[in-house]
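By letter and in written order, the chains are A, B and C; residue numbering begins at 1 in each of them.
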C-alpha cells in the first residue's frame, strides 16, 4: 500500500495544491490588497494588475504607527530574552537533576501553558492596576512571559535530554562546575533550539492583542495590534492601509516561524499533546 | 466688558510669561473629534495656550468618539486617565458619581475674579443640569449641539419631490427616504447600529411621539404604545431599504462621511457637517437644504448634545490642567475652535456674535429651543453612560434586523434598563 | 520561597564560570526558581486572587474600592439570563470550532501523509493561518466579508448566503461565519498533529490488514482511526480549551454583535469589567468558566482509548 502509481501521486499532488491554495487564499488576499492601489481594491476585480507601495509609505509616515512599531520591538525582544534566560536553567534543572518537588514544579510550569490569558485577565488587570503598572511596557512584558515560557522550558528540556551526560561529565572532571558545564557544553550544542525558543516567544508577544487592549490606553505605549485598530478612522479610512499594517504584523511572525519550523513544531506538539 | 476680560487675561498671561521659568508641567488632554478641521483648531488653541503659559505643555491625544467611553472606563478601572478630557454632556453625572472628576469651582472663581467673566451666566440653560451637580461645577462647556435635517434639493427634484418641502414628520421622512432611494443613493443616512449616532437620531423620534425613558418611579418608561410606534417608524426606514444595507453595524461617522460623498439624500446632523461640506468644496453644496428635525405625533424634539472639558480627579497637575480648561472654553480660543469646527459655542455671550447669526447656524439655534436630553423630562442620571452605549440601540438593531418584534424588543429593553438602574 | 531562591541565584547566573556558589543540593532550586516564580505570579496568584475578588462587592460606579460581599456575585450570576445565553453560545462555538477543525484537518492530513515534495512543502506553508495573529486575521476577514469591497462577500452573495449587506450583519450568519474562521485558524495545528500520528503507524499493521483482505475504507476504520484517535481527542481538547476562551476574533470582527449573536462568555466578562465597571462580577464569571471547563475536560478525556 505504500507504493502508489505515479499518476495517482500526481493527482494527489494536484489536489494538495488546490486544497492548500483554498486554505491560504484569505491570507494571501490580505497581502495582495496591501500592494494594490485603493481604487483597484474597491473596484478593480479579483486579479491584481497594478502594484504600489503607497499604503506602506502612508502608514510608515504615521507617527503613532512608528511608535507602536518601536514598542512592539522593545516588548518582543525583552520577552524573547527573558523567556530564554528563565527557561534555559529551568529546563536544565528538570533534565539533569532529581530533587524534591521536581514533578510539582514541572507540572506547575507546564500547567500555565494550558491557562489562556483570558482566564487570568481580570485578576491580573486589577493587580497590575493596584501596583500602578498599567500603561507601562514593563507590565506588558511581564504578562507576555506567560505566552512562551512554559513551552520554552518543555522544548529545551527535550533537547537537553537528548545530549549524552558523558559530555558534561568530562567537563566536570576538567574542573568546571555544573553551571560551567551547562554553559560550555550544553548551550553551544542546543544553540539553534535556544534561538528558536526565543524567536517563538518574540512572535507570540508581537501579535498579542488581549493583554495589550486591557492594560494599555496611552498612545505612547501602544503596541502594533492596537495601532492597527487605530487605523479604522472613517474620515481617512483605507482598506489598503489596514491590510498593509496587517502585513507588517503578520510577515515577521510567518517568516520567523517558517525558518524555525523544524525546531518548533516538534516541541509544540509534545507540549500540546502531553499537556 | 469682554475686551476688558481679554486684556486682563493677556496681562495675566504676560505676567506669567515674565515670571522666572518654572519646571515644565505636562497636561495630557484627550480630544474626541477625528475631523481634520477640529484637530487643526485644537492644535491652534494649544499653541496659543502654550505661548501664554510657557511652563505648561499640553499633550493632545485623539481618542475617537466611538472609543472614548470604553477608553475612559478602562482607564478608570486600570489607571491611565488623562488630566483633562472632553466628555459627552450626559456622562458627566456618571463620572462625577464615581468620584472620578474634580470640581472646578475654585478655579472658576479665580478665573472670574481675574477676568471679570461670569462663568455661570454664560452656560446655556439646558447645560446647567448636566454640569452643575451637587452644587458644584464639574465641567466647562465647549459647545452645545443639536441636530437638524440636511437634505439634497437636487435629489429631491430628481425624485419628483418638492425641494422646498422637506419632510415635517417622521412618517413623511420615512416615505421620502424610500422615494429618494435610487441610482446608488440611499434616501436617509440613518443608523441602526450600536453607535451613539443611533440613539441621537432615534431620541428625536421617541420623544417626538411622547415616549419617556424613565417613568415617575424612576424605572424604565418605554413600554408604551408611543415608544413602539416610534421604534416601528424609525426601523421601517431600514426594512424598506431606504438606508444603507449595512446600517445595523455601520459606525455613525461613516454615515456622515457618506453624506459628504453624496451617498445619502438626507441625514440628521450637527452644524459641523456644513463646515465639512464647505471644506470639501462639495459639488452639491448649493443644493443642500437644512430644516428642523422631523416631528412625532406629540412634538418636535431635537437632540441636546454638547461636550465640555472636565478635570479628572486623578490628575497630579490640577492647577495647570484647570488653567488649560478655562483657557480653551473662553474668549478667542473658544471662538476660534467653534468657527473652525463649525459648532455653536457653549458660551451664551459668544454665541450671540458673528458668525452664529448667519446661515446655517440660526436654524440650529432655533432648533435648540426644542432640544432635550434622552431621559427628558427627568433629571440627569449617573447610569446614562451605560444606557447610552448598550441598550436603546440594541432594541433598534434587533427590530431592524428582524430579530425581534417591536413588543419583544421593547420588553427586553425595559428589562435591560431596569437592570442597569438597579445595580 | 521562590523569591529568596531567585535572589540567591543571581550571582550564579551572572558569572557561570565561578565554581560552586551553591551547594549541589540547592542548585536545581536556584535554577528553576525564576521560572517557577513567573509561573506563580502569572497563573497561581491571579487564580487565587480571582477567587477572592469574586467574593467582593465592587461596582466601581458606586464605590471605588471593594468590600466583602460573600456570594453576592454568584447570586447575581445565577439569575443573569444574558450571561447564561452567552455560556450556551460559547459551548456551541467551542464544539463548532473543534468540529470544523477535525472535519478540515483529517482529510488534509491524510492527503499530506505522503513523501512527495509537494506534500512536504504543503505541510510547512499550511501553518500560515495558525501563526498569523488574530488581529490580522480579524481585520483581513472583515475586509473579505465587507459588502462594498469584499471578494468573499461577493461569493456568498452569488451563492445566496448573504444579501446586500455583509453576512456579519446577520446574527446567525455572523456566528456561523466566525465559528468557521475560528476553526479554519486552528486547523493547521491539528493537521500537523494528526500527520505526526499517521507517520508513526507501523507499516506492518497495514500489511496485516491487507493480508486479511481489508479494503481502503476498512483499513482506515480499523487501523488508521484507532491509532490516531487519542491524538485527535487530546489535541481536540487543547483546541477546545482555546476556543472556549476565545475573545480576540469575535471582538475584533463584530464586538460581540450584531445583537448578542457573537457575545461569548469571554466578551461578556470583558464588558463586565471595562464597560460596566464590575470587576468583582467579572472575576466570578471567570471562576465559573474555569469550573465548567474543568468538568468538560474530564468528560472529554474519558473519550480516550485505553491501550
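Methods note: a residue touches a chain if its C-beta (ideal position, glycine included) is under 8 Å from a C-beta of that chain, and two chains touch if they have at least 3 such contacts.
Keep in mind that what you see is a predicted model, and the values were worked out from it rather than measured.
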item: From subunit A, the most remote chain by mean C-alpha position; value: B
item: Leading chain pair when contacts are tallied as C-beta pairs; value: A-C
item: Mean-CA-position distance for subunit C and subunit A (Å); value: 16
item: Distance from subunit B to subunit A - Cα centre to Cα centre, in angstrom; value: 43
item: Chain centre separation in whole Å, for subunit C relative to subunit B (CA means); value: 41
item: Residue list for subunit B, restricted to those that touch at least two other chains; value: 74, 77
item: Shared-contact residues (touching 2 or more other chains) in subunit C; value: 273-274, 279
item: Set of subunit A residues in contact with two or more other chains; value: 125, 214
item: Touching residues on subunit A, where the partner in the complex is subunit C; value: 1-2, 4, 9, 12-13, 15-17, 19-20, 23-24, 26-27, 29-30, 33, 41-43, 46, 85-87, 89-90, 92-94, 97, 99, 102, 105, 108-109, 111-112, 114-127, 142-143, 145-146, 149-150, 153, 175-180, 182-183, 203, 206-210, 214, 225, 228-229, 239, 242-243, 246-247, 249-250, 253-254, 257-258, 261, 265, 268-269, 272-273, 275
item: Touch list for subunit C against partner subunit B, complex; value: 59-62, 64, 147, 163-166, 168-171, 254-255, 257-259, 273-279
item: Subunit B residues within the subunit A interface of the complex; value: 34-36, 61, 64, 71, 74-75, 77-80, 251, 253-254, 256-257
item: Of all residues in subunit A, those that touch subunit B in their complex; value: 125, 128-129, 132, 134-135, 214-219, 233-235
item: Complex contact set, residues of subunit C against subunit A; value: 9, 12-13, 16-21, 24-25, 27-32, 34-36, 38-47, 49-50, 53, 104, 108, 111-112, 114, 116, 118-119, 122, 124-129, 131-137, 139-141, 143-144, 146, 148-149, 151-152, 184, 187, 189, 192-193, 196, 203, 206-207, 210, 219, 231, 234-235, 238, 241-242, 245-248, 252, 266, 269-270, 273-274, 279, 282-283, 286, 289-290
